[in-house]
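Same chain, two partners: subunit A is paired with subunit B first, then with subunit C.
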Partner chain A sequence: MFPYCSDPNAISGLTWLSCYLTTGKHTSLYLSFLTVLVLLAITAPVALVFGFGGATAARSRFAPLSWLGKGYIGIVRGVPDIAFFLFFVIALDQAFEYLRHKIKCPDWDQPIRQGNDFVVCAAAKLPLGDAPQWVHETYGFFLAVLTFSIIFGAFAANVLYGAMQAVPRAQIETAEAYGMSHGQSFRRILVPQMWVYALPGLSNLWMVLIKATPLLFLLGVEDIVYWARELGGTKTPKFTDYPHEDWRMWYFGALLVFYLVFTRVSEVVLARVMRRLTHGQATMGGEAQRKAAA
Partner chain B sequence: MSCWDTIADYALRSVGVGERLLPRSDFTLCQQVTLIGSGMIWNIYFGLLALLSGFFLATALAMAKAAHSPLLRKPAEWFIFVFRGSPLFIQFFFAYFLFLSLKNVYPVFSPLTSAWLGALVVLFLNTSAYSAEIFHGAMLSIPKGDVEAADAYGMSGWPRFRRIIWPTMLRLAWPAYTNEAIFLFHATALVFFSGFPATQQMGDALYYANYFADKTFNPFVPYPILAVYFILLTLSVIGIFGIVNRRLNRHLPQAARARIRLRPMLVR
Partner chain C sequence: MKHLLIATALAALAAGAAQAQTVRMGTEGAYPPYNYIDDAGQVAGFERELGDELCKRAGLTCEWVTNDWDSIIPNLVSGNYDTIMAGMSITDERDEVIDFTQNYTQPDPSAYLAKAGAEVDFAGGVIAAQTGTIQASHVASSGATLLEFATPEETIGAVRNGEADAVLADRAYLEPIAAEDAELDFVGEDVLIGGGVGMGLRESDAELKEKFNAAIQSMKDDGSLNALITKWEIGATF
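Take a look at the complex of A and B:
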């Protein structure tokens, strides 16, 4: 990176550290922070959509749909989320391959599960056997995002379902008295009002989502945990210009600090959003704001 | 080989009793149920001990956080912030490598690098921080009148804490604390995926479920088995905590008693 880095053995102290921290592999570590942020940026809205769908389904007057929604909300209760992560990554992959297999190779006569193997025709493999490396990585990341979205969608559905119940019944009754249909009162009255009730739960969920991102490592994505383990391990002079002992403790210490700062910043921002949203609402929080201003 | 033989061989496999070699091919349903169930021993061990020991530290931390003196308050606030603000997964990794470095300098620390003690310490500190926050919140919502009544009876210091503040705090915190206990048990599934090695393949339930899913490439059998075990564990936690809850609330009229509601919001 810097011109003085050409001979790492000649330098020491901070200069050595500045060269060490800008090697190609460390750039991958810094980029993997971006992976985490991209995951959060995609997962949060997708999970919210899943959650909205789940909550709406659970409220449905059509019983089977309501069971489906309630089942989805209940799915994550009682079982560790990490088990779902490990399960969904394989299950989704096999589901996709199975569907493609059914479409692309209709005249395949062998069973798909042969003993301990899952066999689909070559054209149905995901990604294809001859695909370049980046396709494999993107597919892995896509599976991870989908897994996160399904699980956090269930959490979000639980929060939104509660928020929809919390909107005062009188508001809906008034809408009905004005002659609005079920859908109209849902769109015009319920949905705009539910957010202030949902926000505490959703902010909690955002914190939980941030703290779940290191689990990406278990899904086979090369994320910050992967690189911290890789870079921190003992390096001998034989294989690298920057030999060092086992520094994994320091790398994970840095990750710990990263997460602490991230959750702290989120907390402050979300508290501000909450203050903005409660402004003028007929709730305890809104009343407290009004009194403080007067 | 009948199912009884399998149970005899593998029921205590996770603690090193019985057959050493794990099944390698021709996996039967019986083997999967037995081995995953055997792994639950570790989940219960970690959860139970962390919960019991964490309860005391959590009470102390909640008291410290409510204290006036910043010398007590600040360290408690920081402790709670560090353990609640970072992922448990990273805490496990950090602690494991920290213990490893310590072991290289002082060999006394070598038990800490194995899961049975090292992971237990992390879980103990983690659950203490989460429970302390719950207890602290409950302490703030103790009705003013209760404390004033204690003052009027001439109680102060230790008797007031033991007879009024602590029982009321527990009563108010209990529903949230039940959730914490459930999610602590769920968190124990992370142990063997986060640095701490499983010696001689003695792991927890998820470790074996993952083993079978890897070998058979069929996630649809081992993970549902694991799910059933965990749902049973969750139900028993709710049952036991419900009994305690009834005892804590026994002086109240029926209608005023707080019901325990399971809320899945406490993943770490």
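Take a look at the complex of A and C:
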């Protein structure tokens, strides 16, 4: 990076450190922080949409839709995350490739399952075998987002389902007395009021999601924990210009600080959102706010 | 989400317009001198140099990807990459699931590394090894207590902090560590397990396997493979 870095053996102290911390490998570590943040920024809203869909379906008066919602909540919550990541993502990837194979290679005569192998024609590969590496990485990343969203969506669905039940019956009754239809009272009364009941549960999920990102490496996405382990491991002079002992403690220490700061910032933001949502609600918190203002 | 996936698929289609065959080479990137990540963040090591030369001789374009050791075979058979070059010894168990080219190293002696001066009971002590390796199954069948770790680095750590009496791993991997650290030393005799390291491929990929077999043979014949083995201090030459 810097011109004086050409001979790392000749430098020491802070100069050495400045070179060491700017190697290509460390840049990968810094970029992986970005990967994690982008993943969270996309996953959280998508999971919320899945959750809202699941909860709405579960309380539907149309029985099959209700079974679908309850089935989604029940099954996904019951399967361990790691099993979901090892099995579901590979299955999802194969399902996509199978569909493309059927469309693109109709005259293919070999079986798709050959023993342990999953073989589709070259044009059906997703991404194509000769696509550049970044396409593969992006594809893996979006598979990860989708999987995280499905898992956390199921938990969010259960939280939202509970929150919808928690809105006082009197509120809905009043809405009906005003002549609102079922859909109208759902949109105008139930949904705006349920968030205050849902937020504590959703904030738990957000905290768990922040810390679940190391599962990414199972999908080949190199996250911060992977790079911390790789960079912190003992380096012998034969294989690097910057040999050092087992420094994993320092790297994991830095991750600890990152996670603590991140969760603390989240707590502050969530507390503020909670205050906003409580405003004017028929809850103890809302009542307390009203009295404080009066 | 759907749109994003479609967009990605379209990008992949556009990028793949030129139909040159690219072979994706899967490796672990944590097992020097066979394969490791260098300072620039690229895959390097004996297998990187060997693999690049093999691809050149076979007329293929190759791309390196890293994958966790635990899921390296499932990802190969489901088609996420096309080969494994990760210091993987040829064994009958693995051969049932995937195919191997001919070996590109001699059956590599495995060695025990322990704290200098320590007495190690090979038949009853606690021996560390990486999960899913030939060394792990050797320890399990020897009567010693097997302590498994996900990465090679952790097996060494277990010996350093006294959790394990010794670690069993490829001698080529342990050699630079023993040379660097005065506290660690080889103990006992080397053990010969496995049939040498080979390149793993899907069983349905017979054509690709033949290409690589021919390339390995040509490198064995003109001595360039031996030169690489000597350069990276892998062990015995052919």
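FYI, the second predicted complex is superposed on the first by the 278 of 294 C-alpha atoms of A that agree within 3 Å, B and C clash if a C-alpha of one lies under 4 Å from a C-alpha of the other, contacts with A are read in each partner's own complex, and residues count from 1 in each chain.
Assume a contact is a pair of C-beta atoms (placed from the backbone, for glycine too) under 8 Å apart; a residue touches a chain by one contact, two chains touch by 3 or more.
Predicted model only: the values in this text are computed from it and were never measured.
Chemist: Identify whether subunit B and subunit C fit side by side or clash on subunit A in the overlaid structures.
Modeler: clash
Chemist: Quick one: is A:260 in contact with subunit B, with subunit C, with both, or with neither? Answer first, second, both or neither.
Modeler: first
Chemist: For A:135, select first, second, both or neither according to whether it touches subunit B, subunit C, the two together, or no partner.
Modeler: So A:135 only meets subunit C here.
Chemist: Which partner does A:238 contact after superposing on A: first (subunit B), second (subunit C), both, neither?
Modeler: second
Chemist: Of the two partner chains, subunit B (first) and subunit C (second), which one does A:118 touch, if any: first, second, both, or neither?
Modeler: Both partners, subunit B and subunit C.
Chemist: In the overlaid three-chain picture, which partner chain does A:204 touch, first (subunit B) or second (subunit C), both, or neither?
Modeler: A:204 sits against subunit B, while subunit C stays out of touch.
Chemist: So, A:25: does it touch subunit B (first), subunit C (second), both, or neither?
Modeler: A:25 contacts subunit C only, not subunit B.
Chemist: For A:80, decide between first (touching subunit B), second (touching subunit C), both and neither.
Modeler: In the superposition, A:80 touches subunit B alone.
Chemist: Please work out whether A:214 is in contact with subunit B alone, subunit C alone, both, or neither, and reply first, second, both or neither.
Modeler: Only subunit B; A:214 stays clear of subunit C.
Chemist: A:246 in the overlay: touching subunit B, subunit C, both, or neither? Say first, second, both or neither.
Modeler: The answer is both, since A:246 touches subunit B and subunit C.
Chemist: Please state which segment of subunit B collides with subunit C in the superposed model; the candidates are 62-70, 98-106 or 242-250.
Modeler: Between subunit B and subunit C, the clashing stretch is 98-106.
Chemist: Which subunit A residues contact subunit B in one complex and subunit C in the other?
Modeler: Correct list for subunit A: 86, 90, 94, 116-118, 217-218, 229, 246.
Chemist: In the complex of these two chains, what residues of subunit A are touching subunit C?
Modeler: Residue positions touching the partner: 23-25, 27-28, 46, 86, 90, 93-94, 96-97, 114-120, 125-133, 135-136, 138-139, 142, 145-146, 149, 217-218, 220, 222, 229-230, 233-234, 236-243, 246.
Chemist: Within the complex, which stretch of subunit C touches subunit A?
Modeler: 1, 4-5, 8-9, 11-13, 15-16, 18-24, 29-30, 32-33, 36-42, 44-45, 61, 63, 65-68, 71, 74-75, 77-80, 82, 97-98, 151, 153, 156-157, 160, 176-177, 179-180, 202-204
Chemist: Under the stated contact criterion, what part of subunit A meets subunit B in this complex?
Modeler: 76-83, 86-87, 90-91, 94, 113, 116-118, 155, 158-159, 201, 204-205, 208, 210-215, 217-218, 225, 228-229, 232, 246, 248-249, 252-253, 255-256, 259-260, 263-264
Chemist: Could you pull out which subunit B residues touch subunit A in their complex?
Modeler: Per the stated touch rule, the residues are 25, 27, 81-82, 85-91, 93-94, 97-98, 100-101, 182, 186-187, 189-190, 193, 206, 209-210, 213, 215-220, 223, 226-227, 230-231, 234-235, 262-268.
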